[in-house]
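Here subunit A shows up in two complexes: once beside subunit B, once beside subunit C.
Take a look at the complex of A and B:
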């Protein structure tokens, strides 16, 4: 356990110091790269709450990334740049959409659940494509980044980096608290044995739905940050391959582990960046290697990267 | 509503429906028998389309090209099953979704390496490229008509194989109780490979036939794959009957929605609002249908028996 704690502290210290180092060596590109990675880590963290702990295999988590993004972009399009208001709308809209999708999807299970969450996200994706007033297929340039008053200037690369970093750490802690609360116990219990959970007097449905809504709202925050990061919104925020990627981050890092999703996001996105930056055959066809990597990880590294770290508990 | 237009769109819907059915048949069997989610099924559709274009150019004959493409897709399917997917049958759905998602990326990039990223267009033989006058004033492309006929013939053939042959009996038995089938001395692994291979070949056939209508390009299998998932979820996973019904329903609803929703909405609400909402609603229609079906009948319309 101690080795894991040391690794966690080293990781956090690295991320906290990274912008200073990057600035010192004038490699500002890395600040942007790590910021993007951390935004996806937030999305993966939120998915892990329902996928890892709740056993709900949502194949449509990119929907909330899109809702968060559209909330900011549409408000900005109409001249409303107040970042707090935008954040409120992004979180509220994501939670509301998650409530509707969850209320229907959670009645089903297994493969039907995977398919119905995918179908709902496809619906939103096509809705985004047909919203011609907001860019339709081509997307929409963000007129200005969210205005967070004097608090954080999102135009400042480093300041924005630390905001994303803070949100990620806060969510990591929040999910840790949720999972270990009475509420989280019920979520985990109904994942490992639904019949027994019912037998001791809990109906899983409302608990699962609540977790689904929390995860949606958290991913909405990731969408809010992501659209500010790219400064450009496209329906591709909600593309189904994006949902697949977020899901893969969770699995790669280690399903149902606290820091696993963050680890997964880092490894996948940095690997993608590394491969696509290479010259020649590898750089041109990097997706071939990512695809193979994905297959191999699923076939051979069942417990994910967190399972390889020292002190990993064996509970199966 | 114009009657000729309506008949024409009905035929288009039927044509899209049978294409969906060819894909859905393999996918639903793999679901039903191996309990396996196979996202890479769309890749087989793409492989079929590419192989048909390449083999037609190579042999100079459309028919030879089509046959070679079918055999080729069958082989690709068998190899994929033996190398990668076989070990996934016992895993949970999550692992299957991710591994086959990886295969999609792999196959998309593989065809891009071999044939390039630009879309390919293939020519039809003279005999299939014209129009035929079905009734007065309704001229319909021969090729689309042929797709409908081939699709219905394949459906009939599948029905015969599944209900009237020994192989079909094994397939049905495998779907209802795997352990019992292998206890009776049937080589279940071989059966799985056969089912997977022929499922891939059917997807390949769908791709071969779709090639001349849509562009042949990397990633072409993905959109139709998701639509096929809608089909089998509506029809009931594991059921061929359900796949056929679901495919026709989805094909019709999608085609009719795209053709008539905008004018129909225009009559109800203002034309400008219909202009905006019509296409959006039309592309969401089948997903809405699926949500409604799942909310009312979570097992689909024709659930497979024996589960």
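Take a look at the complex of A and C:
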């Protein structure tokens, strides 16, 4: 418990200081890299709420990354740059879509749940491709980054970094509160033993649906940040491989652990970055090595990387 | 004559060609312990599942406290006052014993759309949960993960969860199954303390437990109730002896 807390603080301190170090050594590239990693950590955190704690294997979480992105890009395309308004639309639209997808998919379970969430996200992906007014297949350059007034200048790489960092920490804490609340106990109980949960008097459906909507809205925030990060939107935001990637982060980091998704995002993306930058055989076939690594973690670390940390325990 | 608390008429449940419940009619009076016995595969668990709302009957009607509850699901029936235990222990293995019971309390303490405050810090949930754990004799094991409890303790825990919903009718499916002689005796003793205060439907193979606890016994064979009566009547019933009790009571 102690050791974990120390590790958490070291991790947070590292991320807090990283931009200063990167600036001092004139390695601004790292600010960009870590910012991207943290945006995916936010997406993975949100997926973990339903996948890890709720047992809902959503294979379509990239949908909300896309909806958050499209909300910003489309509004910007029409000259609306107010970042708060864009955020509201991104979150609202993500929540609404999650409500629709969740309302239908949560009535099913197992492989059907996986397939339905995937199918919905594929529909959204092809919808994105068909939106010729907004770049269709090629995507859309973000006319301007979200304007957050005097609060944060997203054009300033370091300032943007700290915004993403703050959102990630806030979401980490928020999810920690949620999973330990009455609501979270119902979600986790329904995952652990559904028959028992019904027998003591809970109907899991509305709680699962609410969790699904919360996770979708949170991932919408990640989409909002991601499109500002790339300054370019394509339907690939919603590609199924992206959904798979976010799911990998959660599994790699440790399903149903609080910091696991962040750990998973860092290890997966940094490893991708490292291997794909290599020359020779490894560089050419880097996906192979990532795959191998994932297989090993799944086989030998039941609770993912977080399960390897000292004092590993469910839900802390 | 008093109104029955539970009144079952013409209940039928078929799995393909097999009629696991074949026209069951049964009533349970307030305050009584009504045992249901019968050979393996007779349909006892299937009957309990239909009473608890886990299985939907193909035909028939279930009235509880004067109300037709046949269309209600398990969660709604829990709120009407029915609570079941499972033949195969069913607890939350990765939660502590205390959290297991607190969840059952929480299910009956208003809606759970509360997102912020830690449930474990809520005395309104954990106070009653601790009291019930004490009652079933698990007070000292409150913080142990359910998965790490001994089999007999897990069965006790399940009874605690049943009681935590403040039920009007307990549906217990073989509560002493798989227990050692000592444990089983303690469980029977405990269930004896509920007698009179609680109405209980008790499915059990352990005839000592049945004849100690039951006010009335119904015998289920091939999905049909072949006899209902006091323990003495059942013990001496010819048909029952032929179909089931013969070998069990030979000695």
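Just so it is clear, the second predicted complex is superposed on the first by the 313 of 316 C-alpha atoms of A that agree within 3 Å, B and C clash if a C-alpha of one lies under 4 Å from a C-alpha of the other, contacts with A are read in each partner's own complex, and residues count from 1 in each chain.
We adopt the following convention: contacts are C-beta pairs under 8 Å (C-beta built on N, C-alpha and C of every residue); 3 or more make two chains touch, one makes a residue touch a chain.
The model shown is predicted, which means the values in this text are computed figures rather than measured ones.
Enquirer: Looking at A:189 after the superposition, I want to know if it touches subunit B, subunit C, both of them or none. Which is it: first, second, both, neither?
Expert: It touches subunit C, and subunit B stays clear.
Enquirer: May I ask you to decide whether A:201 touches subunit B, subunit C, both, or neither, giving the answer as first, second, both or neither?
Expert: Second partner only, subunit C.
Enquirer: Using the superposition on chain A described above, determine whether A:178 touches subunit B (first), subunit C (second), both, or neither.
Expert: Second partner only.
Enquirer: Who does A:210 touch here: subunit B (first), subunit C (second), both, or neither?
Expert: Second partner only, subunit C.
Enquirer: Once the two structures are fitted together, what part of subunit A is touched by subunit B and by subunit C alike?
Expert: Of subunit A, no residue contacts subunit B in one complex and subunit C in the other.
Enquirer: How about subunit A: which of its residues touch subunit B in the complex?
Expert: Of all residues in subunit A, those touching subunit B are 51, 57, 59, 104, 107-108, 110-112, 114-116, 118-120, 122-123, 126-127, 129-133, 240-241, 244, 247-248, 251, 255, 285, 287-288, 290-295, 298-299, 302.
Enquirer: Please output the residues of subunit A touching subunit C within their complex, sorted ascending.
Expert: Residue positions touching the partner: 177-178, 180-186, 188-189, 192-193, 195-203, 207, 210, 314.
Enquirer: Quick one: which bits of subunit B touch subunit A in the complex? Just the residue numbers, please.
Expert: Interface residues on the subunit B side: 31, 37, 84, 87-88, 91, 93-95, 97-99, 101-110, 112-113, 222, 226, 229-230, 233, 237, 276, 279-280, 283-284, 287-288, 290-291, 294-295, 298.
Enquirer: Quick check on the complex: what are the subunit C residues that touch subunit A?
Expert: Touching subunit A: residues 52-54, 73-76, 78-79, 83-84, 86, 90-95, 99, 102-104, 106-108, 112-120, 122, 161, 164-165 of subunit C.
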